[in-house]
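Take a look at the structures below.
What follows is chain A paired twice: with chain B in the first complex and chain C in the second.
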Partner chain A sequence: MDPLYMANSLFRRRRFEDCVQVCTEILEANPYDQAAWFLKLRSLTEQTYVDEVDMDEEGIAEAFLDDTAIADVARPGTSLKGPPGTTSRGLSQGIRPVSQSGRPLSGFVRPGTQGGRPGTMEQALRTARTAMTARPVTSASGRHVRLGTASMLTEPGGPFVDVSKLNMSKYSQRPALAKALFEYLFHHENNVRAALDLAALATEACQFGDWWWKIQLGKCYYRLGMYRDAESQFKSSLKHFSTIDMFLYLGKVYVKLDQPLSALDYYKRGLEKFPNNTSLLIAIARIHEGLNDLDSAVEYYRQVLKYDSTCVEAIACIGTHHFYNDQPEIALRFYRRLLQVGVYNAELFTNLGLCCFYAQQYDMAISCLLRGLQLSPNDDNTADVWYNIGHITLAVGSVSLAYQCFKLALTSNNSHAEAYNNLGVIEWRRGRGEQAMTCFQSSASISPHLYQPHYNLAAASEKTGNLHSSYSCVKKSLEVFPEHLDSAELMKQLQQHFAAL
Partner chain B sequence: MRFCNGAATVTSFPWEPAIPINIASSAAGGDVCAEPFPPFLFVCVFWRREKMSARTHPVSRQRSPDDQENSGISGAGAWLDAHYDPVASLYTFSSCMALEDLNRDGDHKGPSLSFETPLLDLPHGGQRLLHGQPLTPELQPLPWQQARCLRLQELRPYFNLPYPTFREGNKEVPLSVRSLKYLQLEDDAELQASFLATFRHIPLRRKSVITAMAILKKSHTEDDAVSCLVVASENGDIYVLDPEAFTVLKQFLLPSPAVFLSVTGLHDVDYHISAACRDNCIYTFKSGASTTPRYKIPLASQPCGLQRINKDVVVGCMDDSLASYSVKGRRQWSLRLPASLTCMELLHHRPRSFKAVVVALQNREVRIYKDKFLVNCITVDDVVVGLKFGPFGREDGVLLMVTQGGALLVKILKRSVSFEAKDLTPGPPAAQLDKLNIPKRTRVYVEQMAREKANASTMHSVFQQDLSRLRLQITQAYAKAVTSRLTPLTASPDCSLKIAAQVQGLGPIFRLTVTVQNTSPSKPVTNCYITFRCDEGLYRITRKFIQMPLLVPTVSYNFDTMVQCTDDMGRAEEISVYVVQNHTSTPLITAVLNMPVSETIIVT
Partner chain C sequence: MEILPKYGLLYSDESFEMVLCKPKILPLKSVTLEKLENMQKQAQEALKMQEQQQDTAD
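Let's look at the complex of A and B:
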């Protein structure tokens, strides 16, 4: 069989490594075989191809050295960063817990849903930046670097294409080759600058008439952090032609620029051209979730499910929404659907167990939780499962079991702030004030975004007569959760105390 | 500028000679301010039938951010700024301010000092008093420390009323100083005799001081009608004095000294005297034979101001509350002020027959309350300590304010203004109408309920089985954690410690900080060390063994070490931190640290 035909077939069957091998053999025989070279380029690229449209992680450097930020305090409802305004239509923190950025927990962990915007450099560099919840230093390193190094190592005898010796202007004149080469440079070599050079030359060669090159230029600019340039490239390509990707890219750029409303605008324009596209719908739902408008987010997730009933993200988010809206029986249905779709992990079983318990299906609850415990792959997850079991035992009425569970959660994850807080409450009830205070203090220092440890600390200090520290703690609690009634009440009480003095 | 003139009379402290201070001179004002306790100035601002100048001063208005209820109720619309003198150096309170047409000649000399009279002592109050012949205004400053009334006529001290010496009608008179002295001499009969001989002819009198003062119209309600002076004393007496002879017309007895007086009615017809006293009560007297209070209103806190609006008593208290009571003591309404109250004044705007209460607050606001509704709010640069409202110049409604820093502000109430007392929340509170977000009972829920009903016993037994299994698993895991001391907290009674570990840095070199705290209330811990366990091929720890000092209870100790990641493949492992004690093979406590991925390669 003709080896090139063979390689072509392998490529179509997505057996890229075999394809590369065959192409290498052809090229060894005839180094100038352009077809083989092209095919090898393509198959190498396909091996490391990542859909750029998907959300990417925000590095520490971007979060701190943000030169696109205009106002420190954005108007409520117009920014994804900072604490959500009091005008939020979501549930209160008392019912739905918050992530580190002060937003309600999402049902689906995505880059950016956990970290949010850390308040201080120290907070950003804390232990939480582990291998699991990796938050890279910059988005230029992190995932892209790892992919780059991985591809480099698999290459015996040096790189396939020597980037420094490439004659860009020669390749830019040949559109088909140039496109393949660009993708290779961008995805496989991870050499964004070279890719940008090639794209600039190529778009010039076709008199700025090819929308594809404009998108690639925008992608390069985006990767380099030049969001305004990326925006203009994407907009310009949108004039020639419109694809779903373009709207998604534009939305991504606006999210980076912290203009969620513009992003929504473009997504909706995209929906006019491509009605009911699930990618666009999910993107809209994510932005609503980021803006703390959970009802609209769930609305869009429902639309997604109409057209794609196996979308894990939508199912999980709606399930979480129902759970925190006091409808665990509905949430149970959604989580069961996830099980059918094929998700089989500790988080899902824990959620199932909790839903069963709160929906009064007691026969299933505990076995689900125990399954979750068995399945949990790492200590962080185990800690969460123990923490949830602790809640169940509290509901059953066994405080000593709950005490043990929270301690086990802490054994698995030393910085489990919620477990520390609950442990403190139990200690306080047992009359061990000193221990309780220590627990509250640890909880508050690990997670300053939780209002509970601050309030508990304030209440405990008030009981022990330490009014001043109580005042400072309750102030922090109100900063985190201004609508918390008990804190406000305590604050009033303290103010009366001070006025009487 | 042709404007009022303030008449200032200075009384210095008794051991210094009286120094009159010219208000207009800023240097003098500066001198006064420089003293830690400026001498108390008595100010009376007199009333002139002259056109006022329209000179205004820019007064910066700062809206307090916490004040949301009075948005839209600003002082800007209702008032005209007539005069603002920040260096007037007036240090006085509402009780020492009065408005009077001084000369009755219509002459207007501009904003200069009209006259000043040195007083013998600190004044306590000043009132405009018309006696015998109408149209001779008089002013009555009352010294606090010496119990007497001083009357000024035609701008000179005119009459000095000695305070009545004895309190008649009281059966149990407390002993006077002289009697006490006499009783102390009981051991020495000779001395007693000589004491008696010396003081026998001098009438026994107990001096008292005046605590409050008010005016009661004699028989007509007109402005120029003859009026009686009502005086309250430290002894707890209230005297109504005759306008002609200044004899005591009527005496009332109070259980406690009065601090504020409020009088309505006519002496010859019927009148009420309300007195807010130091025992947190308001007592009300009626004209008639009785000398004891008719009604008693207990208050929650010390009164700061008392005003009467028609038949109700409005009182401001030290607990930042403003409340209105009927004469019989029923509370009509009460509201909480945003800051403490400094003084109160009645706003009686005759052309519109509008009565309201003006309240000056510690947060530099002056608020006007019509019943319990805030109708107007003025923000001033300083805390207002003296307020007076009344006719002034050609205007019927002028508000004079004296601030803590000695500034004088004059504001004219616009003639066109009508304050509207609106209850913004009629009916039940808005929260009552909010619908509770109760989730619907879903079909799934009903189905599940049916299932629960059908299989109740099996569900229960399965749950109990599961629960015991869970209990076993928890206990096993806990026992394992406790015996191998994996917890970051110890619970043993002899040594209770807490450990927390943090890692900082981007890599390949990290700083590892271990925080150890002795959580026992009193017991120190000694002979403890920190060690680490990690993959030796991956991490290199600089201080593998850290000796800890004596751990004092409740103090957190930080120990740190450097950790170098020797791997450039982006691997990350756990590091366990142990606290160990001498002669034991198991650690006391453990902290497990998930190391971050080391950033070794940066994109070129």
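Let's look at the complex of A and C:
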């Protein structure tokens, strides 16, 4: 068979590694075979291709040395950063756990949402040290570069294209080749600067009339952290032609600039052009979730489900919402739907187990959680499953089993703050004050965004007569969760104590 | 209407109960995130393999 035909067929069947191999053989025989070169370029790109709309990573440098921020303290409802302690409408922290940034936990994680915005520099640096939530120093040194270097290493004969020897202006004259080369540079090599050079020359070559190149320019600027330039490129490409992507990219830029309302504005404009588009609806729902407006977020997720009833993100988020709104039965239906859609992983089974338990289907709960344990791909996940099993055993009344579960959670993940806190509570009930205090302390130092360890530490210190440390702890607890009644009550008592002195 | 007892001692005993962290619904991962994590894992394994090969060659 003709090797090029073979390579083409392999490419269409998405067997990219084999395709690369065949192309390499063709190129060894004839290094000037452009068709083979093009195909190899494309299949190498496809191997590491990640949809840029979903790709987002925020480094420490972006989060803190943010020169695009207009005001330190934004008006309420206009910023995604929100001061710590602002509670969401309708749901308190006492019911729905919060992420590190003080936002209610979402039912779905994407590349950008893993770490959340840390409140302080110290917190960001500390989380960088734990293995799983490693936060890159800047987004330019994050996953992009790590993957870039690794993809080069795996090629035995060195890199396929020598970027420094590329004659960009020659390639920019040939639109088809230039587009493939650009995607290769951007996705495979992660050489954004070279990609930017090529894109700039190519837009010039087509007299600034090609919307595709403008989007690519915008993508490069975005990666380089030049958000205003990216914005102008996206806007200018929107004048030529409109695609859904453009609105999504513009929204992304505005999220980076911390202007969620402008992002919403563009998404809504997008919806006028592309009515009921699920990608745009989901983007709107995410912004509402980021603004702590969970009710509207759920409203949009529901709209998404009207048009695409298999959207995992929408189902998961609505399920989470129902679970924390005291409707585990309904949450169970949503998670069961996910199982029907074909999701089969540890997270889903854990959630199913929890929903079953709180919906009083005890027989299913245990088997679901066991399945969750079996499917768990890493230690972090195992820790979370054990932590949830601990809850169920506590609810059943088997305290010693719960104790074991929380211990197991900590064996899997030594920085599981919630497990430390709950272990502390059990230790306290068993009358082992010292151990309990140590547990609360480690919990509070690992996750200062949780109010529970602070409050528990305060209550324990108050009981042991250490009023001063109790005061400082309860202050922290109130900073994180101002509406917590017990903390406020404890604070009042302590103030009375101090006033009497 | 508030009812106050007319006789007997009235006292309230506030004791602070420890609070547990709530059960955690685990967020599902997006396809992109899973792909990224897979790619990272593969890259790491490839790196390790190469290092091992180099070690045996030395």
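Some notes on this structure:
Throughout what follows, the second predicted complex is superposed on the first by the 421 of 501 C-alpha atoms of A that agree within 3 Å, B and C clash if a C-alpha of one lies under 4 Å from a C-alpha of the other, contacts with A are read in each partner's own complex, and residues count from 1 in each chain.
Quick note on the criterion: contacts are C-beta pairs under 8 Å (C-beta built on N, C-alpha and C of every residue); 3 or more make two chains touch, one makes a residue touch a chain.
Predicted model only: the values in this text are computed from it and were never measured.
Residue contacts after overlaying the shared chain place A:415 against chain B, while chain C stays out of touching range. Residue contacts after overlaying the shared chain place A:365 against chain B, while chain C stays out of touching range.
In the overlay built on the shared chain, the residue A:435 is in contact with chain B alone; chain C does not reach it. When the two complexes are overlaid on their common chain A, residue A:105 makes contact with chain C while staying clear of chain B. By the touch criterion defined above, A:401 reaches chain B but does not reach chain C. By the touch criterion defined above, A:316 reaches chain C but does not reach chain B. Judged by the touch definition given at the top, the superposed model places A:190 against chain B, while chain C stays out of reach. Residue overlap on chain A between the chain B contacts of one complex and the chain C contacts of the other covers 146, 392.
Remark: chain A residues 122, 125-127, 129-132, 134, 136-137, 140-141, 144-146, 148-149, 190, 325-327, 329-330, 332-333, 359-363, 365-367, 369-370, 373, 379-380, 389, 392-393, 396, 398, 401, 404-405, 407-408, 410-415, 423, 434-435, 438-439, 442, 446, 499 touch chain B in the complex. By the touch criterion given at the top, residues 14, 16-30, 32-33, 35-36, 39-40, 43-44, 46-47, 50 of chain C touch chain A in their complex.
On the chain A side of its complex with chain C, the touching residues are 48, 50-51, 54-55, 94-97, 105-111, 114, 143, 146-147, 150-151, 153-154, 312-313, 316, 319-320, 323-324, 338, 343, 345-348, 350-351, 354, 381, 384, 387-388, 391-392, 394, 417-418, 421-422, 424-425, 428-429, 450, 452, 455-456, 459-460, 462-463, 486, 489-490, 493. By the touch criterion stated above, chain B contacts chain A in their complex at residues 319-320, 439, 442, 444-445, 448-449, 451-452, 455, 458-460, 462-463, 466-467, 469-471, 473-475, 477-478, 481, 486-489, 496, 498-506, 517, 519-521, 554, 570, 572, 574, 590-597, 599, 601-603.
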